[in-house]
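Per-chain numbering from 1; labels A, B, C and D assigned in written order.
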């Protein structure tokens, strides 16, 4: 029998659920022991009811697993949750109350005062909120959340820049891939050869979540970082990879483009984080070609766990502008939650 | 025999050249009497050598016209020029010296002090530079230019807002259609399911040209408008229609979103301009649906001559943000140059 | 008050329903007096609940119409029906029983013995089945159907070739646009940069319906044409326009490619049909360029009502191969049903 | 120093050239020691002049290699050639004369009587033509060719079916990816949301090459297989992976669909071939889902070296129809040539 930590995937048939399953195949620390999905799939073999969307084959280990109900009782220690907005909140809470470690990808609990919103390279210390959470709520389990996909891509370079120069103001315009909307998600008639300049609630999430993640732990809560973000979000006909155009004003203006690039390239993560299985060898990659990063060509660098930055140049209005690319269903969703779970293992919040 | 003004199209086989031909079919004032293209096409029938790209049939009137050399001597009064960057400058100059009215779509002369950069609804008075130009250069002909395609789309709403509130700072991120790069232009391997976050010189053009167009005629030159623009340009897999996300800081902050919309919707053009054949009945259209404008659905409004604005909302950093859409090869290229020629007719610079 | 014939559109909010509304704007004979849609839309203004998908604006005349239930009682004479498969059958029947003229776009009744499957240029005489239908079923109303979208595109040239040479065997492989699947229809994750080599029931429909349409009226029924069709259907990332590769074996082998082209170009329609408002001046257009027809460039010829044929060339296995393109939501759906209704007016089956 | 066989890539900056470099990274038998490209790249570092198109990083080993002229003298034993049609023929010949082993991906020599057209799993014995070639031409080197990309994908399943049932007639309609046209290749304006029903010379190549590859070695030449092929070729907006719809008439009609599938799944390759590094564990994969194979989801199976078959079903005209998918720049180009070189090593035609 395996010594790995048992995990269950909620929303296992969805686009992000499938990504969880793909990324957990051969994971050194975790092993899938439960799959849950909506009622009409319960009791049936996963291989039979899942419309598998990824270009790698469905892992053999899940093919014959029987899909279960999304409720406490699942035979696992950790829950990876990728549920629709309306049911995510109560379901995740039920699992945490019942003692499960819930690593959530949904927005329901992200902004609650005692729930950490984690990116291991950025704010690993925010997991201390878990102790607050447990004490206040009387839970044996816990909820830890990962951020919205477009926020995650940009907080990696922003963290490096915050450390080096301080952040004051951030403009960001996103061009987001269709996989971010799940499946069936965006109808092809809406997006083929088109741009949709709107993604519900996305701008608010970016403006809010980035400040919490880059904020500071003070006693029992996070003090949001003092910079201001303005976001504009667009859907584009791209399969995977969110591209984001940023312009940033700093507390201390960097001397030149090379100083910005140096801060990004020298970004180092705490030792504890560096050792996690999903931590990329280089969390922020800087491309110097004039026309990179591009979603079709750079999303898979570092197995989709890096933020790729390019086109660093002065801005006539703020200090510097640049482009950020992140893989939205890997780093920005399933991969991010798995990474968070790894951090919780390293920090002792998850034990076998 | 026709009483129309005779016009010639340079670069007639290119993507914009074809658009000129399409838009000039049945034009009430102009009639194509000459087509010119690169050397290897000279002497051959247009219908035989042109790889026609548009979804409407090639007009019968040009099918049998013999392609001529791009040099003075062409049997026409007005020249519509859409030439590659390197040859545009000298060729246009040669025609103007030889007495032709050159309505150019290229960037070569746009920023020259005595060359008007025109959008009829925005700065019709800038055509007064033509008198300066003729006097200084001793030309009987003239050069008038239209702006870069992404700039054109945004100056229409910016003009309305400048009039109402004054402009201080403008952030803009563009998502530009492939037709803007001409033909063969963008290789499909570069853009299918991809975003290219770079278009050579485009950002500089937007930052510079918008200030000239919204500037003020003082004596013999234009004083650039005093606002600052920061542009970031991207190519997206869209056929026609540039989408632009703007955030604007005003001299006088509008009271609310409705005040911004009112300024856009109430934008009126001078009577002389309103009467031109290509002037749209509403140059700035405001959409109130949450997810518009979209290039695949709104580019053809007002026959591609309107700027379509949507998503007007407050900006956490500047005052208001919104989305602008414009048809890049109609309003932003061939249609814009034809419109300029119409203005020059109305103003008496072109006579038959 | 208008003298036009009153019509109602069922499924008015769907992709084909919208096309009906677009094509009926300013129709010389018909006027929309009723719109019906699914329960959740009933009682609400069309302009308020319809997610309008087309690049032309929603006609003003329907914007304030209140959506009604899809049941007899609608204030109109003719019903244009574009309903989902499961409810189309009984709903259409209920309307016909109640005295309405039902021009259906659904497959439910197409293959019934006393229901005509009409393309006006191809088999206008098949409408005689209506008399049989009425007598047998005791209806004052009637049901007339139009064919599946891919079938419609190919029967136009096949009719011309059948008349000239007789048909024996037809291979066809289709590459179909996403609009054929309705809205929301094909998820973008399934089709962006992809081909789906399957469309449910489509191949059977093509193989069956083409033989009925090209069949002969004998007494009270249609004798299917004696040729055999083998179809393979694919979905491709195209917005509108089905492209079809055919290879045909004839009863009498044409002498050469020019003979095939001549038969296609000389295809003439009965006088009664030629006079209908939607009949294209040339129902079958032959392109001689090596790389046409193309959906993005040729679908709108003749306002989307023509079949465009190209690449006529010998086939090493059968006699000749060629490519056919047809606009799937115009000729292949809404436009086809309207055209059929026009035919029924001309034939006296619809009176005001 | 490495014991690997030294290889050079001609056309190294092109789309297929890059694929060669990608696939040869860490190849167990071959090592790149020379890169050649067109004149303007000669003398410059590969990393500096190559516009790298693939989503995996450019291998470090080639980054600093200096690009050389495409002429004998290159420091390598084997030449992988992916040159444009006009120069491929003479260049390859010059290398072969000079003693190089030329594994060509171009069509120039494919149909020459003494040049093998190889797919290792299909006709490894055809390499015997090399002896004829050398004797007749007096070469120490040799030319071996791989087939056109769409032909390669279909000969794998056709070989299995030929062995089991004999082949009489084959209809095939292809939907080909843009990477097959190289770079810059297909302009985006031609293919975004479009289908181009024409690829120059492609149909003739399929009809001809498939019969040579499935033919029989008789003495000093190949007797083409006695079946007839009719091909229709289309370009679709897909990045990688050619999808092909086939209908086949056999010498001996298989009993049922399962018999066809069994023949495909039981396809075994000679032991010598099975042991080659690039031979897939299953050269022909059969999918039983109704809607597979799909280029975006199945092209990378077996690292792009398998042909994926689906939708096996009876054909109303011939015996059975099915869909084939193959990766056009891996199996159908660079991967195929490397595979052939591996075969020549195993057969003793290449020694270190």
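Quick notes
We adopt the following convention: contacts are C-beta pairs under 8 Å (C-beta built on N, C-alpha and C of every residue); 3 or more make two chains touch, one makes a residue touch a chain.
No experiment lies behind these values; they were computed from the predicted model shown.
Taking A-B and A-C together, the chain pair joined by more C-beta contacts is A-B. Ranked by separation of Cα centres from chain D, the top chain is B. If you average the CA atoms of chain A and of chain B, the two centres end up 42 Å from each other. Chain A and chain C, compared by their mean Cα positions, are separated by 47 Å. Across the assembly, chain C contributes 53, 192-193, 237-239, 296-297 as residues in contact with two or more other chains.
Residues of chain C touching chain B in their complex: 53-57, 192-193, 239, 296-301. Chain C meets chain D in the complex at residues 169, 171, 173, 175, 192-198, 200, 207, 228-230, 232, 234, 236-239, 243, 245, 247, 290-297, 310-311, 315-318, 321, 323. By the touch rule above, chain D contacts chain B in their complex via residues 15, 53, 178-179, 183-193, 237-239.
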